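Here chain A shows up in two complexes: once beside chain B, once beside chain C.
Entry: the complex of A and B
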């Protein structure tokens, strides 16, 4: 809507040990880094301060459930999942994972956002093109 | 069953398995639409495939069938394209569509427990698609852009031309779209095609996975009341007009560093008795990573990263095709090597070890391909739409298991003859 970024993503590393959460975006030509960063921080503040719409959260949970179910359709993937959960410490996590997602509420997301998105926990890199 | 985890499982050759294709259940909806169902699998998911006789062999103007199929979910009487996508997404479901020569498909993947929420939207798309002008304009623009980009690529050109040589430009298997086909399409074309081949069309449904107890009644409520299968949809016969000239060399981009090579000959469809054994021969020739074409032309000569041969099995006709991209200066040598490999197959019987390896590979691939309910229904779908029965499945396995080197040599002498092949290089 504001057309600050031509593309922007938020992802975490999904590593076994604690990893990173990254927000990564490419700026529309002519937008300054400071303006772009401020826009991202505003969105982060919203997630910390406003409770998410339950329907929006439900949609993400449904999508996650769908991904988990479809992932385990083939014997190959089931073997892979079992081995991976056993590596994490408990093969039975395979049966519990979905439940963990289903129990997520908008309030839990807000709490987590408040824990993770702290000013002193953030590093920012500006990466410019040559021209 | 208690497993002794100290001892590794015994390795069993794929060829020794007793491979079975599990049967489907069949029922009809109120409007006569036939439903082929396979219930099974470990996950609470299902797939619904609505197959319409609406492929590009039914269109009068190029691209109408594909565009209609694509735009089905881009707007209905009461929902925008965005709202439709969002409605499926909310329940973790996906709606895909594909258009092929004879049929066009609308496919729903989703969680079994949300079937009752998403099947009405699928019904809505079939019965109330609205083809908004805005969506048509976006599709046309994207399609033209994609075409202009693709026309710079040799392999894209080669794929189009080889089909045209084999089947003729006026045949559904040989035709392709050019820019003015896209601009020439208007909303009336799409609506007319939709009304004839979807709204009042002929449809078959395939469904697989875990079914909610209300599956049959929900299908009946949302699909079974539509005016489908009322009128007969005739498949038109299209004559094959092959090119008389067999050899082509085309310069698409003078600066290109490689050429796209296609060698192809006509080959019968799956109903021909030679088909299963030809598949074995094809695998030895160029059908898998350890094939002769790959070993010779990639591994030994280093002319290409990959070279493949395959039987293009359309419903009514087919082709035996060799396809690769090679360095510009070695295209000629590559073609010569392909012909040398054909000659070897004609003159020398295949060794027992190589044959056993390929048999195991093929049956192992088949086993892997029958993993799960979606794969099983997909195989049934291929058979049923091509007028084949389970006999085809069991006969193919029987032939793969038992075919002898001298039978393959005889086949090579029938089909792998240099003079029968169309030969094309696009630089």
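Entry: the complex of A and C
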């Protein structure tokens, strides 16, 4: 991937209504769009076809947990979160969030990846440099 | 575990209090249940324009920033496709200043012609700077309109077009305010070195007299299941080619939401 993309990122916006999972990257000069696209789709096939190691899943859960705990340290972020979860229906959901992550298993990840990463569900922007 | 207490005023304003006595500060946070997704498709960018207008003076207070700063407070706000959030942090002993400021904004804005002109210009400049002139700045505009055909996530918070902001009239602005910026469409959260009883009294005193508005019933079009892959070619004056792919995922209440969030961590 490092020889293909000068930078690449995977993220989502955490929207209330159904959102978008995004993968975007800037291509190394000289690499074609087709090669870059193929490389990303191969990574995606992996996560659909190979079940992740439980340790690897625990690692990303721990990382998420530490991000949440760090955010919750300031009274400002606690205020934002309480308001946001109350908007979702109940501020106490804020206290249940960690548990929701801890429940995620490698099988759930694979199953969710298979649901999302379907060809008919994909939107692609080929953004070419004119120069 | 974050402890909090919750009560509701007669006008529908929900109030949450979280006490933390380890800090001398307090935060007053007002979330309005309105985001870019609630906009009229022909008048987009309003939720975000309001984020700016809210600092252009309210009915009894000509400037917002100055009295807050004099009380040692600071403030900011953000708009998303789902919500608009205003907050200020202030020494806890001066918390009533924040109640005074926030409640006057909820009561009514000043709706001055000058403020609308100024903020409209600011937002138009922001639009040009970040979404037109910046390299790749239009990518999300294009991606949203490619990925969404029905749901209002198809436009960005800045607006679907510059013209919508340019053409905003005072009537539009007032209508938007009195539809969404009402106590029954807001959540007030106070955190920090405060007592629930004290917050109750202040909330009643400052927010209690504000009249409730008509209940807002959100009824947004659902995005139909995508049946075929879609793509778009863009050519622009940017340094490198960029590949951007998106896939529809579940919303905040989807059972796969947390697994999806972790997938982005694994792939990221």
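Just so we're on the same page, the second predicted complex is superposed on the first by the 129 of 131 C-alpha atoms of A that agree within 3 Å, B and C clash if a C-alpha of one lies under 4 Å from a C-alpha of the other, contacts with A are read in each partner's own complex, and residues count from 1 in each chain.
Throughout what follows, contacts are C-beta pairs under 8 Å (C-beta built on N, C-alpha and C of every residue); 3 or more make two chains touch, one makes a residue touch a chain.
Bear in mind that the values here come from a model prediction, so they are computed numbers and not experimental data.
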item	value
Clash-or-fit label for the pair chain B, chain C on chain A	clash
Chain B versus chain C as contact partner of A:73, first or second or both or neither	first
Touching partner for A:27 - first (chain B), second (chain C), both, neither	second
Contacts of A:37 with chain B and chain C, given as first, second, both or neither	second
Touching partner for A:2 - first (chain B), second (chain C), both, neither	neither
Partner chain in contact with A:63 - chain B first, chain C second, else both or neither	both
Chain B or chain C, by number of chain A residues touched	C
Partner chain(s) touched by A:95 [first = chain B, second = chain C, both, neither]	second
Chain B collision site on chain C, chosen from 166-174, 184-192, 202-210 or 220-228, when both complexes are overlaid on chain A	202-210
Doubly contacted chain A residues - partners chain C and chain B	63-64, 72, 75-76, 78
Interfacial residue positions of chain C with respect to chain A in the complex	1-2, 4, 6, 14, 16, 18, 20, 23, 25-31, 33, 37, 80-83, 85, 87, 89, 136, 139, 142-143, 146-147, 151, 153, 187, 189-192, 220, 223, 226-254, 256-268
Interface residues, chain A side, partner chain B - complex	55, 58-59, 62-67, 69-70, 72-76, 78
Of chain A, residues touching chain C in the complex	6, 9-29, 31, 33, 36-37, 40, 43-44, 47, 52, 56-57, 60-61, 63-64, 72, 75-76, 78-84, 86-88, 91, 94-95, 100-101, 103-104, 108-109, 111-113, 115-131
Residue numbers on chain B that touch chain A, as the complex places them	41-45, 89-93, 109-111, 114, 368, 371-372, 374
